[in-house]
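After this come two complexes, each holding chain A, first together with chain B and then together with chain C.
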Partner chain A sequence: MSRFVDLAKNPLLISSVAILALLILGELVSPGFARGDQIVRLLTVSAILGIAAAGQNLVILGGREGIDLSIGAVISLGAVIAGNVMNGSDAAIPLAFAAACFAGFMIGTVNGLGVTYLRIPPLVMTLGMMGVIQGGLVVLSRGVPSGNAAPALMAFVNRSAFLGIPGILFVWAAIVVLMALMLKRTRFGWSIYAIGSNENAAILTGLPARRIRVLLYGLAGLFGGFTGVCVIGYTGNSFISVGDQYVLPSVIAVVIGGTSLAGGAGSYTGTALGAIALILLQSVLTTLNLEFWGRQVIFGGTLLLLMLLYGRQARLRV
Partner chain B sequence: MQPILRACDISKSFGAVHALDKARLTVERGEIHALLGANGCGKSTLCKIIAGTVGLDAGEVLIDGQLAALGSPHLAEEQGVALFYQELSLVPQLSLGENIFLGREPRDRLGFTDRAAIQRQTEALIDRVAAVAGKGFTPDARVFDLSPDQRQLAEILKVLARKPKIIIFDEATATLDRRQVEVFFDILRVLKAEGVSSIFISHRMDEVFAIADRITVMRNGETVAEFAAAETDRYAVVYAMVGETGAIAASVRDHKPLEGDARLAVKDVRAARLGPVSFTAQRGEILGLGGLQGQGQKALLAGLFGAEPFQGGSVSLDGVDVTARRPADAMARRIAYVSGDRGRDSALPGRSILENTAIASLVRERRHVVPGAVFRERFTEVLAGLNTRYAGLDAPIGSLSGGNQQKVFISRWLSPAPGLLLLDDPTKGIDLGAKGDFYLLARKLADEGATVIIYSSEDSELLSLCDRVLVLNGGAITADLVGDRLTPFELTRASYGDAA
Partner chain C sequence: MTGLNKLGGRTWVVTAAALIVLLVINAVLQPNFLEPSVVQSNLTTFLPLVLVAIGQTYVILGGDIDLSVGAIVALVNVVTVTVIAGLGGDGTAVVIGLVAGMGVGATCGLVNGLIIAGLRFQPIVTTFATSIVFSGLALWVLPQAGMPVPEPYWRTYAGSILGVPTVYVIYVVAFLIAAVLATRPFATRLKAVGGLRTAAFQTGLELGRLRVSAFMLSGLFGAFASLCLTGETASGDPLMGQTLAMSAISAVVLGGTALAGGVGGTLGSVLGAWVIGMIGSVIFFAGLPFEYQTLVQGLIILAALAGGVLVTRR
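Presenting the complex of A and B:
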C-alpha cells in the first residue's frame, strides 16, 4: 500500500501520465494533434524551455530560496548578442554561442555574488538584474531589432537533422543525460543537493557552500545565454523582450518536475518532463479554442492540481 | 510571615526522562535565593515551571500563600513572577521609556499611547535604581546611546515595570565582566531592600556566596539540601550537589599510562567568550571538556575544526600547525567533528544514507566522480561495524532512529580513521544502546592512536568515558582533572569556578 502511495507521488510518473493524458486529449479534440511531426514540433518548443529550465533547476536545487528571475532578460541578451555576432553568417555560429554563454555566465556570477556575499535575497537580486539587463538592452539596441540568425542555426532548431528530428533535440537529450550524470555521479552534483538540503551541515563536511552557490548562478546565466541563441534560431531574428515569456514557465517546469522549491531534492529529468507537460498543456488549451480567460483558469487550475498530487511530500524530519 | 514562593513536590517528565521528581523550593520575601546543581539537575526546568513557560505534571506552587495557576508566562506574570532574559531584548531605535513599556503601553481615554504616563512611570523606575544608573539614563534616551551597563539596567527595569514579587535571574551574569557583575549585585540589593525576592542561577560559586541569602541545591531532579549562605561553606554545597559517592574516582577501567610527548598542542586560542585557552593532549587519550553548559566548550571544538575559526592562538598536531580557517583545512589533517545537534549540523534531510555518509569522503579524497561501488562496499562495512540498523544505503536518512542517524554521521569520519576526533555532546537524545556503541567506538579509536576530545552535557558521561577532563568556566579552564582527582566532586566544584 505504502509502495503504491510512494509511486503515485513520484513526480516523474505524474509528469509522464500528464504528458500521455494531454496527448490523448489533444488528439480527441483535434485529430492530428499527436501526429509524429506535430510531436517533434512540440518537443522542439519544449527543448528551448527545457534548456532555460536547466539553469533555473540548478539554483532552485541549491536552496536558500534560490531562483533566477533574470533568466528571461539573459535569454533576450543572448539572442541579441548572437544575432549581432552572426548577422546571417554560418561561420560565426560557434562564436555566437561562445559570446552569448559567456555574457550569461558573467551576469549569473554577479547574481551569485550578490546572493551569497551581499546576502541579497535571490528574488530581489535577480529581479534587479532583470531590470538592469532590460534597460541595458534598450540602450544598446536603441529599441530596434538588430542582427539575425545564420541559416545553419535555423536549420539546427527547425529542420530535421536525422530521422526527422532537429539537432536541438539531440543537444537537449545530451543535456538531460549530462545533467543526470552530473547530479547523481559527481561531487559537484552531490554538493548541490547537500547545500540545498542543509547548508550548515554541508559546510561542516568541508564543502565550500558559497563558492558552489555562486557557480550555480553562473551556470544558470550560461544556460540562459545558450537558450537565447536557440531562441533566435527558432524565430530568425531577435527583439529585446524575446526572453520574457520564459521566466515563469522555467520555474513552473522545475516545480512540475518534482524539484522542491526549498531546495535539496529533485532531478533535471523531472524538469525536462515538466517542460514537455507544460508546453503540451499550453498547446491543448490553444487547440481547444478557449477564450483567453478560460485558458488561464484551466492552466492555473491544472498547476494547482499537480501540486496537490505531489502533496506535502514527506520532508523527512531529522 | 508566609514565604513569598513555595513550590511543593513538583514533578515533570519529558518523554522517558524524569527532569523533576518532587522538587521543592521555598523563597522568603525580600531574599536573594541561589539555586545550584550540576548539569541536568533540573534547576532550569524548575525555574521555567515557576515562570509559566513549561507546564508541570504534579505538585503545586503557592505564591504569597495562594495556590498559583501558572499555565502561561502571562499568567505567571500576573501573579508576580517575572523571568529575566539574558538575551538582550531591547529595540535600539526606541527610547528607554518606549522599550520598558513596549507592548504594554499605558493608554489615555481615547486609546492612544499615554506618553506622559510612560514618562512618569519610567522616571519612577529610574529613581529606584538611581544609585547605579549613571549619566544620561533618562526616559527619553535612545537605547542606542546607552552604555552596555545601562542597557543591562534597562532590561531589569523592563522586568520591574511589571511589578513582580519574584524575579528569576537564570545565568544573568554569564555575559558580564567583573565590574558589571558588581553593578548587577547593587541592583539586586536595591530590589531586596524593597522586598522583591530574587531567584539567582549562576555558574560562579564566588557570586553565589557574595550575594545569596540562602541556597537550594538540586540533584537528579530532586531538592537535596537547603542552606543559609552565612552558615555553610563551598565544600558543603558542592558535596550536596554530587552526593555521597561524589568523592569516588571514576577510573574503573585499566587506566592506560599515556607516554611520549603531547601530540596535540593548543596554545592561547581565543574566540568570542572563550580563552585564551592552552592545553595539550596525548595520542590515545580521551579528553573531556566539562563544566556547566555554555562555558565555551562548544566554541573550543568549533574552533579546532575551523567551523568558527579562532580569533588568535595556534593549534598543532604531531608537530604540524593545524590551525584551521575552515573545515576543509581540518579535514585535510584528519581532524573530524561530530555534533550532537544532528538536525542543525549533520543531517542532509531528504538525501540518502549513502550521500549522508559518503559526502565527506568525496571532499577529503578530492574525488570529482562518485565511485559508487567503492563507496557502497566501504560504507556497508563501516555501518555494520557500528551495529547500524538501516534498510539500505538508498533509504532516506530520516527513516532512521536518532541513534542510527548519529552512527551514519560518525561513519563519515571513519575511513580512514581520524587522528583527532572532536565530539560535541554527541550522544544527546539518542537511545542507551546507541550510546554504548558510541562509547565503545571512542575507546577503540583512542586505543588505535586517535586523540578524542569530547564535550558532554552529562557529567556522568565524561566521568565514565574520559581519561582526563578539562573543566571550563566562563571561557577559561578552571581545572585539569585526572586520576584520583577525576571525581564528581572535583568536576562539580570546578564547574562553579572553584579551583582546588
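Presenting the complex of A and C:
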C-alpha cells in the first residue's frame, strides 16, 4: 500500500500522466491537437521554457531560498544582445550566442555575489536585478525594438532538422541528459544537493558552499542568455520585455517537476516534464475557446491541484 | 563602525536615515516641496504602497510571503466599483461597496491562508497561483477598464473629514491598527511562528490560526490600498496594482523585516515604502531623462538593500 502511495506521489509519474491526460483531452476537444507536427510545435515552446527552467532549477536546488526572478529580464537582454550582434547575418550567430550567454553569466554572478557575500535574500536580490536590467534595456534600446534573428537561427528553432524535428529539440534533449549526468554523477552535482539540503554540514565536509552558490547563479544567468537566443530565434525579433512571461512559469515548471523549493531535492528530468505539462495545459486551455478570465482561473486552479499532489511541506507533528 | 554595529537587527534606523537624505535632496530639487499641498499630494501617492507594505509585513513576519496582493487590489477595485454602480451610486451604495471591497480582500487572504497553512502549500507558488485566479475573477467581474465611481467617493477621498484631509485620516487609522496589533500577543506569537516554526508549534501556539490571520491582514490592507487607489483613479480597472506586491516586498525588506521571518515590524515597512516613493520623486525632479528612471531606481534600491544588510550585519 505504501509503495503504491509512494508511486502515486512520484513527480515524474504525475507529470507524465498529466502530459498524457492533457494530450488526450486536447485531442478530444479539438481533433488534430495531438498530431505529430502539433506535438513538435508544443515541444519547441516547452524547450524554450525548459532551458530557462534549467537555470531556475539549479539555484532552487542550491537551497537558502534560492530563486532567480531576474531570469525574465536576462532572457530579454540575451535576446536583445543576440539580435543586435546577429542583425540577420548567419555568420555572426556564434558570436551572438557567446555574447548573450556571457552577459547572462556575468549578471547571474553578480546575483550570486549579492546573495552569498552581502547576504541579500535571493528573492529581493534578483527582483532588484530585474529592475536594473529592465531599466538598462530601456536606456540601451530607447524603447525601440532592434536587431533581427539570422535565418539559420530561425530555421534551427522552427524548421525540421532531422525527421521533422527542429534542432532546438535535439539541443534540449542533450541538456536534459547533461544535467542529469551532472547532477547525479559528478562531484559538482552532489555538492549542489549537499549545500541545498544542509549547508552547515556541507561546509564542515570542506565544500566551498559560497563559491558553489555563486556559480549556480552564474549558470542560471547563462541559461537565461541561452534562452534569450532561442526566443529571438523563435520570434524573429526582440523587444525589451520579451522574457517577462518566463519568470514565474520557470519556477512552476521546477515545482511541478518535483524539485522542492526548500532546495536539496529534485531533478532536471522532472523539471523538463513539468515544462511540457505546463505548456500543454496552457495550450489545451487556449483550444477550449474559453474566455480569457476562465482560462486564467482554470490555470491557477490546476497549479493548486498539482501542488496538492506533491507540492506540500512536511508536517510539523511527527 | 562599532557604533553602526550596535544597530544589529534595527535596519529601520538606516532606512530612516536614507529617507531623511532623500527628503533633503528632494527639498533642494523641488523648491515648493514643503508646501502643505505638495506634502499631501506626495503622501497620497505613497499611501497605497504604505498600506500594502503594512499588510505584507505580517505575512513575512510569519515566515510566509504574499505575491497575490496586487491581484487582490484589482479584484477589490472592480467588485467595489461594480457594487456601487449596481446599487445606484448613492451614499448607501458607496458604503455597501466599501464593505464589499473589504470583505473581498479579507476573503482572498483567508483563501491564501487556509491553503498555505491548512494544506501546507509553499507560499510563493501558492500565492502566485491564487493571484492568477484572482486576476481572472477581476476580469470576469469587469472585462475592461472603465465604469466611473460616483463623485462623492473621489471628492471625499481628495477632500477632508472634519477639517483633516481624508488621506491623513487613513494614515492615522492604519498606523493605529498597526500600533494596536504591535502591542497584542499576536505580534510576538507571529514572530515566533516565523522565527522557529517547530519550536513555536511545540510551545503550543496555534500556528494555523496565526498564519491565516496574517494572510487575512494582508488581504484587508490590500483592500484598503485598493479603495484608496480607486479614490485616485475614480474608476474600475481589472489590471490595477500589478506592481504593488513586488514593491511592497522591497519596502518590507528595506524596512528591516527579514524575509526568513521572525524579525522586523510595520514601522520599518512604512519607512521602506516612503523611501521607494521618494526615490521615484527625486529621480523625477532631478530631471533625469525618462529612460534612465527605471535603471536608477533599481540601482538605488539594490544599493539601499546591500547597504542596510552590510551595516546591520553582525
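The rule is simple: the second predicted complex is superposed on the first by the 310 of 318 C-alpha atoms of A that agree within 3 Å, B and C clash if a C-alpha of one lies under 4 Å from a C-alpha of the other, contacts with A are read in each partner's own complex, and residues count from 1 in each chain.
Assume a contact is a pair of C-beta atoms (placed from the backbone, for glycine too) under 8 Å apart; a residue touches a chain by one contact, two chains touch by 3 or more.
Note that this is a predicted model, so its numbers are computed, not measured.
In the overlay built on the shared chain, the residue A:125 is in contact with chain C alone; chain B does not reach it.
Of the two partner chains placed by superposition, A:20 touches none, neither chain B nor chain C.
By the touch criterion stated above, A:309 is placed in contact with neither chain B nor chain C.
In the superposed pair of complexes, A:177 makes contact with neither chain B nor chain C. In the superposition on chain A, A:301 makes contact with chain C only, not with chain B. In the superposed model, A:251 makes contact with chain C only, not with chain B. Taking chain A as the reference, the larger set of touched residues comes from C, when chain B and chain C are compared. Shared contact residues of chain A, touching chain B in one structure and chain C in the other: 315-317.
Taken together, the chain B residues at the contact with chain A in this complex read 305, 307, 326-328, 331, 337, 339, 342-351, 355, 359-360, 362-364, 367-370, 372, 396-399, 405, 412. Every residue of chain A that touches chain B in the complex is listed here, in rising order: 184-188, 190-191, 193-194, 197-198, 200-208, 260, 264-265, 315-318.
Against chain A, in their complex, chain C makes its touches with residues 65, 115, 119-122, 124-126, 128-133, 135-140, 143, 197-198, 201, 207, 246, 249-250, 253, 258-260, 291-299, 301-302, 305-306, 309-310, 313. Chain contact summary for the complex, chain A toward chain C: residues 65, 67, 114, 118-121, 123-125, 127-136, 138-139, 142-143, 248, 251-252, 255, 261, 291-297, 299-301, 303-304, 307-308, 311-317.
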